[in-house]
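Below are two complexes that have chain A in common, paired first with chain B and then with chain C.
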Partner chain A sequence: MIVLEKRPQPSKAWSYATPLVAVVATMVFGGLLFAILGKNPVEAIGTIFWEPLFGEFSFYYRPQLLVKGAPLVLIAIGLSLGFRAGIWNIGAEGQYIMGAIFGAGVGLAFYPLDAWYIFPLMVLAGAFGGWIWAMIPAFLKVRFGTNEILVSLMLVYVAEQLLASVSLGLLKNPEGFGFPGSRNLQSYDAAHNAELIAGSGMHWGVVAAFVAVIFAYVLLNRHMLGFHIRLTGEAPRAAKFAGVNPPRLILFCLGVSGALAGLAGMFEVSGPSGVVSIDFNVGYGFTAIIVAFLGRLHPIGILLAGGLMALTYIGGEIAQSQLGLPAAAIQVFQGMLLFFLLAFDLLTNYRIRAARSEVA
Partner chain B sequence: MKFTSLLASAAMALGLATGAMAEDKTKVGFVYVGPVGDGGWTYEHDKGRQAVEKHFGDKVETVYVESVPEGPDAERVMTQMALEGADLIFTTSFGYMDPTINVAKKFPNVKFEHATGYKTAPNVSVYSARFYEGRAVQGTIAGRMTKSNIIGYIGSYPIPEVIRGINSAYIHAKKVNPDVQFKIVWAYTWFDPAKEADAAKVLIEQGADVILQHTDSTAPQAAAQEAGNVITFGQASDMSEYAPLPRVSSIIDNWAPYYIARTQAVMDGTWESVNTWHGIKEGMVEIGEISEAVPADVKAEALALKDAIASGEYHPFTGPLKKQDGSAWLAEGEVADDGTLAGMNFYVEGLEGEIPQ
Partner chain C sequence: MNLGEINPILLIASLMVAATPLLLAAIGELVVEKAGVLNLGVEGMMIVGAISGFAVSVETGSPWLGFVAAAIGGALLSLLFVLLTQFALANQVASGLALTLFGLGLSALLGQSYVGIKPPSMGDIHIPVLSDLPVIGPILFQHDPILYVGIALTAGVWAMLKYTRAGLILRAVGENHDAAHALGYKVIRIRILAILFGGACAGLGGAYISLIRVPQWTEGMTAGVGWIALALVVFASWKPWRALLGAYLFGGITVLQLNLQAAGVAIPVEYLAMSPYIITILVLVILSADKSRAPASLGRIFHASH
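Now for the complex of A and B:
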């Protein structure tokens, strides 16, 4: 008989090992899935993980990894701060949308003026849009004790409606023949978040993601506030004695995650996407939750996890067109990753022991 | 700049490579907004793809990627197809417009065909079907069949294509039943079975006994079946698994002839950028079997309308017609021009509610 025994201390070794074990298990079971679908599993897994990095057209896919991974990392970093302290912002998708609307709105307001200060203003507006949207659940939680999970999640749907509204009205391209969607910011130089080095995929959002990783690392390891965040999550009672002010922590964590999600939205709308449209958001805010946990809520881990997620997206598309794998299979594959991570996470806190069954 | 030229040179190298191989295989790519199993829009495009494969056999190779979000992801998928040597790429959703134009610029030797958009380039064609012709037939049946005089309409996005359909269905329902009233719900999605089912249920609760949909899944059909006494029409695809009730007829998008013709043009080297808008006459829009649940006289009336449209004798937007605000639009006998129809952003007189702004 097998029993689970709680470890006196969470295992450090397992907490590092579980993401790797989860990736391996995903490859094994994903391969099995592909085999059942009648595809060569080695070829399929190889296509997903190898092709984007070292395949024939990796010169195009590698920069795309940055483009796809940057918003995930930027949002996940913000979320991880709150998650560590037990503050659950599930509505990053909404904050991402609001950042995009605010950022693009400021840029379009200046159209067609050409001035150096437009883009920085858009960055500020984007961060502000995400921040203010996150302040709603934060304020309600601090003032009335509402559940931030529900409020932040519900506000995603409100943001989606607002997005539809501005795409059809306020920000609609006046030269768009009545079709919804804004002007394309890619063709408005002063507001365009272009690649810093052409062909590298490096746009300002990627830079911001790297900066966020460094800041989060320093904050969590070297700063009193970071200590408070960790303490609140790990030992709430001790945190109280250490003088943590919970409302301030809630406002800070939700505010930062909102602002970072807003920035991600702003960099996306002014760069890779270009237009505010009804379908602008594609789920980065939700996927970032997976990225945050896959990265163990650790800044460096999140950086790696964001890269891995981006890899499965891009590799998945290649597998679809080259091998004819259905999109749903790729989504199941991505879902497995989180599933196995959470499953193996058990081993961090518990150990498996073979117990002799005793005769009664 | 460097990147563009890099891509361009890669494309040229590939162009040469595929040019050399062109004798044996033409590669055709398809980018889909929904899953191929949606039973509607994407399903029909994929049937078109299969028809291309069947028609040309070994001479073509087709590839597709499904459920591609509109935006940067679509751009990447198209680039990937072009890099891998596609000669012709069909991008089958309105939201792929800017990505298609962007990628087409980088691959001047690859031909692109964008469905339902309006931006063309030397290597980008646009194509769409006159779905509103089918809507006229639907509206006639709906107006005759409704007992509550309330017709529910599930809109996807308030874009001209959808608004045109609503107007056409309304005009023809009203013609045969002056008491008819339309209730419109906007789902803001092309494909989301849960949302579509909810929209159908809301409309049924509000008294609608006919549901028209401009979304791609069969979920509204299932919701109608569950409610009973509600009729529906297949959208984009026949959806005949719901016949004879609730599905009494359908609009079928038949892309196969167009896809085959365009692939042939690429093979022959005669491909040119065109703006195609075909309807019932050319067979791009088909009316699915009208089921036995529809009385014979109504069926005859609907088929007569279909034939009149097919022969060009009748245009679904023929005056006298007024706009919703009461202002004049088309005078007696006047027919709407394609430009106005293409950018249609107003309801006709009698429709209630506002187009979301």
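Now for the complex of A and C:
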């Protein structure tokens, strides 16, 4: 008989090791899945993890890592603050959409003016769009005690409908021959989130992601507010005695995560995507939840996890075109990762012992 | 715009159809939460149920077998939740999210070759005399059998929780798992059964969407119904009959907005389509004042040291 014995303190070693163990387990079971689908598992896993980094066309794929990783890291950093304090914002997808709508809306309002201040204004508008969308569950939770999980999630569907509405109406390209979707911001220089160094994939969103990582690190390790966030998650009762103000914490955590998700959406719509369209959002807001957990809710961890998840996105696309691996298989693969991570986390908090048979 | 085209009898009849997936999923989740477990994976279990039910009924030609498969599919997925939360003692919120993300991916993978196919139809029941009654007949007695299964399930769960020993034990586990454990009840075992039941119900609800309500398979077709079902459990303050009422209310809103879309009301389609979600939020706000009815051990991890 096997019994679990709670560790007096979470194991440091295992907390670093579990993400790696989870990745390995996902590769094994993912490989099995690919084998069931009739693909060579070694080849498929190799294509996903090797090809984008060191393959023949890696000069093209490496910049893509930054492009795909930046929104994931940006959103996940925000989510991790709340998750640490037990505040569950799972509507980042909606906040991402709202950031894109607000940011693009401001940019398009100035069209075709060419001025230096347009892009900074768009950045502010994007952050504001995400922030205000996250303030809805935050305010309702603080004022009425409404469950933020359900409210933030419901707002994703509302945001998707708003996105459809503006791409068919308000923000539709007047010269688009009646097709849905806005003007392409990539061809409007003052509003274009262009690559800072051509061909590097480095755009302002990537810069913002790195800045967010540093800020989150400083906040959590050197700031009273960060201490309060950690305390609330780890010892809610102690947090009360330490004078934590829960409503303030809720407003802060949801607000920051909303603003960061909004920024991610804004940088995406003004850069890699270029247009506000019905299918603008591709699920970064949900994948970022996996990234946050895979990174152990730690800023540096999230940075690494974001990179890894971006790798599975790009590698997945390559595997799709080269091996005919279905897109959904990659989604399953990413979901598996979260499963194994949560399962192996047991080892961080508990010791597994073989029970001696005792006589009571 | 022509509101006269909306037929109130058809409206109420289709309201019941729209409400059934919600009801099935909500009743399952209600039992799970009564046992003190918060499974946020309803959406994932529904969509997996939707595709497994769809695939099996297309392959076998029998919608009944499809529904059986859907229940099994939902329960199998919930088994993953069992492993995570009851054995690996993982956080229930995170595990539920994992279940939903995984379920959405898995269903898309399984459903690739089923896009654009029509499933075999189940057909509506016909009771002599009753079904032919004017007004009442079409509203109450001319539906598919699963709709009545949903209502029967509500009654069954209500009676089980209120009058049986099993129901009492289930509630005890949900209210105070340490006390229940001290009394010698197998907390983990009871919770596992509840979670599997919840998974099977969610699976049925999903299959109801893909086999009867729509009936077709498209990726992500549950479109948040699982999440609304979670909200519904709160709305019902963990009472089965109120879940039924709530499901009909939400079903009514869904059907009404679809009818208004069809009738060409001056409100843009997108705003009508977002109304069920906004109303869910409003209802949650109104009801969130009363937290006293929630099972006391809801979402807490149980680990017996002895």
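The working rule: the second predicted complex is superposed on the first by the 355 of 360 C-alpha atoms of A that agree within 3 Å, B and C clash if a C-alpha of one lies under 4 Å from a C-alpha of the other, contacts with A are read in each partner's own complex, and residues count from 1 in each chain.
Keep this in mind: a residue touches a chain if its C-beta (ideal position, glycine included) is under 8 Å from a C-beta of that chain, and two chains touch if they have at least 3 such contacts.
Owing to the predicted nature of the structure, the values given are computational and were not obtained by experimental measurement.
> Let's test your reading of the overlay: on chain A, do chain B and chain C clash or fit side by side?
clash
> Quick one: classify A:346 as touching chain B (first), chain C (second), both or neither.
Second partner only, chain C.
> If you stack the two complexes on chain A, which partner ends up touching A:165: first (chain B), second (chain C), both, or neither?
Both: A:165 reaches chain B and chain C.
> Does chain B (first) or chain C (second) touch A:148, or do both, or does neither?
neither
> Going by the contact rule set out at the top, does A:277 touch chain B (first), chain C (second), both, or neither?
first
> May I ask you to decide whether A:198 touches chain B, chain C, both, or neither, giving the answer as first, second, both or neither?
first
> Looking at A:93 after the superposition, I want to know if it touches chain B, chain C, both of them or none. Which is it: first, second, both, neither?
Neither partner.
> A:184 in the overlay: touching chain B, chain C, both, or neither? Say first, second, both or neither.
first
> A:59 contacts which: chain B (first), chain C (second), both, neither?
First partner only.
> Give the one stretch of chain C, out of 39-47, 93-101, 111-119 or 183-191, that collides with chain B after superposing.
111-119
> Both chain B and chain C touch chain A; at which residues?
Touching chain B in the first complex and chain C in the second, residues 164-165, 168-169, 326-328 of chain A appear in both lists.
> Enumerate the contact residues on chain C facing chain A in the complex.
Its residues touching chain A are 40, 80, 83-84, 88-91, 93-95, 97-98, 101-106, 108-109, 112, 219, 223-224, 227-228, 230-231, 234, 268, 270-271, 273-274, 277-278, 280-281, 284-285, 288-289, 291, 303, 305.
> For a test of understanding, state which residues of chain A touch chain C in their complex under the given definition.
So the residues of chain A touching chain C come out as 4, 6, 88, 90, 136, 140, 144-147, 149-151, 153-158, 161-162, 164-165, 168-169, 286, 289-290, 293, 326-336, 338-339, 342-346, 349-350.
> How about chain A: which of its residues touch chain B in the complex?
Counting only chain A, the residues touching chain B are 57, 59-61, 64, 67-68, 160, 164-165, 168-169, 177-180, 184, 186, 195, 198-200, 268, 272-275, 277-280, 282, 313-314, 317-318, 320-322, 324, 326-328.
> Please output the residues of chain B touching chain A within their complex, sorted ascending.
Residues in contact with chain A: 1-4, 6-7, 10, 29, 35-36, 63-73, 75-77, 79-81, 83-84, 94-95, 98, 102, 118, 157-160, 188, 342-345, 356-357.
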